[in-house]
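Alright, structures below, take your time with them.
The following pair of complexes shares a single chain, subunit A, combined with subunit B in the former and subunit C in the latter.
Entry: the complex of A and B
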């Protein structure tokens, strides 16, 4: 599959052949850091000063490079298709090879970062539990009631950070919960599920 | 009047923590309180929290002091 680059994108990338390969390599590194951790205007300003170009040009160059890498990684395009897609930019052979190497070395890592992006629901992080025996309450004294208190620790879910929920249950409800979850796990081994997983791979 | 929530109900429980995921053999009594609070909007929300016995004794002492001041 070939990537189709927009005119704006091509224009942003047109800055790359005007600098030497070491700088392109450096831009590649900045672009990958951008994916991992975001970016700061200081990085762009420093590079713009050294190259005597406006900050916007550097920013567009790095962002264009990052977009090229993420789109290529997203579709898992082959080496040949990558080179053909980049050919349309009219760069020299050396620059094309640098871009290809950047792609080949980092596409697995980029895919792993991209896979973590759409996390809308909070995800399981940890479950802490405690077995309690309730001995008395305001309406009733001299009790012996076993209770399980749990703290479900979650991560993500738009809030970004950690959240937790405290829950309480009696032992028989807990047993029911356990058997329901085990039944859910068991459906992964059903012939229907196996057929689907086989067909996806 | 400030628009502050009002305490509507307080339930308590006394329990003994027997075992947990970090410590299989506990012997730790605690008091848990469940407060029902009416927010200025009228909506009732619940807040619950736990105290160890020493914490509860301190809690109790605070209320005794409040009661003494009001006499």
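Entry: the complex of A and C
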């Protein structure tokens, strides 16, 4: 599939052919660093001073490059499609090749960064457990109650970072839990599931 | 075991108070209810209340420490209970003991208990940030209970993570089995 670039986007990227390929390479590196760590205005100002152009132009150029890379990685477009999409911008052959190389080298990384964005439900991280026997409590002495205490570690879910929950269960509930979750795993191997996985590509 | 001597001497004469107290302790968790048999109407109400409280304390302490027949008998003998009354007390105590034990065991704080788990298998096709994800994943919901109030813990996991979780739960179950055979 081809990328359709908006007029604003094309205008922002039109800054790129006016500078050397070394500078374009540098902009590419900055764009990727920003995708990884977040933007930093100082770098824009530094580059603008060196090239004697307004800060805004540099910023648009880098942001345009970032957007081009993220859109291409998002849709996993092939080499040929990428080149065809970039052709529309009317850049020289050399510039096109630089952009292509940038895309090919980093698209896997960009995709993994993007996939970390939409996590709105907490995700499983780890489960620690131990077996306890309750012998007594304040209201009642001389008990023998086996129980399994667990710590469920979750990641994400709006709160960001790790959250942990301490939970308990008795041996019969534990067995019930195991059989329920094993049934869940078994559905992965059912013919219905396999058919869906095969056919949605 | 604490026993209020004075009050128990008065209980001695009113055996029916004891029976009512035993039944009362097991059925009313937090409400203090005086026995209201007609035979007790002529008794001084304050004394009745004190006797009732003393008897309740005695019964609960006996259950709490799992007192055996000899311990209870010797305590009651010190208070000049007749053998017949001790027998009445002990048989009533035995009848309600299990229920009282269950009641006492349920008092107290503990981490939320997992009762059940529900799950959903879904296939992630795409989202607004990434296209062509094409990955199956599970949505697990653990139904937990803590002192009457329920809470659901929801989380997602991949197939490998669910296998890891089930593996760990199975290890826990195996260790329970081994411990029970020792």
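Quick notes on this one:
Just so we're on the same page, the second predicted complex is superposed on the first by the 200 of 201 C-alpha atoms of A that agree within 3 Å, B and C clash if a C-alpha of one lies under 4 Å from a C-alpha of the other, contacts with A are read in each partner's own complex, and residues count from 1 in each chain.
The rule is short, and it goes like this: a contact is a pair of C-beta atoms (placed from the backbone, for glycine too) under 8 Å apart; a residue touches a chain by one contact, two chains touch by 3 or more.
These numbers were taken from a predicted model, which means no experiment stands behind them.
Looking at the shared chain after the overlay, A:22 reaches neither subunit B nor subunit C.
In the superposed pair of complexes, A:80 makes contact with neither subunit B nor subunit C.
After overlaying the two complexes on the shared chain, residue contacts for A:178 are found with subunit C alone; subunit B is out of touch. Once the two structures are overlaid, the count of subunit A residues touched is higher for C than for its counterpart among subunit B and subunit C. Touch criterion met: A:167 reaches subunit C, while subunit B stays clear of it.
Contact with both subunit B and subunit C is seen for A:129 once the two complexes are overlaid on the shared chain. In the superposed pair of complexes, A:4 makes contact with neither subunit B nor subunit C.
Using the contact criterion defined above for the overlaid structures, shared-chain residue A:138 touches subunit B and also reaches subunit C.
Residues 127, 129, 131, 137-138 of subunit A lie at the contact with subunit B in one complex and at the contact with subunit C in the other.
For subunit A in complex with subunit C, the touching residues are 74-76, 111, 114-115, 117-118, 121-124, 127, 129, 131, 137-143, 145-146, 148-150, 152, 154, 157, 165-171, 173-178, 180-182, 184-185, 187-188, 193, 196-197, 200-201. Note for the complex: subunit A touches subunit B at residues 127-138, 147. Those residues of subunit B lying in contact with subunit A across their complex are 11-22, 26, 29-30. Listed in rising order, the residues of subunit C touching subunit A in the complex are 63-66, 101, 104-105, 107-108, 110-119, 121, 123, 125, 127-134, 136, 138-140, 142, 144, 153-157, 159, 161-166, 168-173, 175-176, 179-180.
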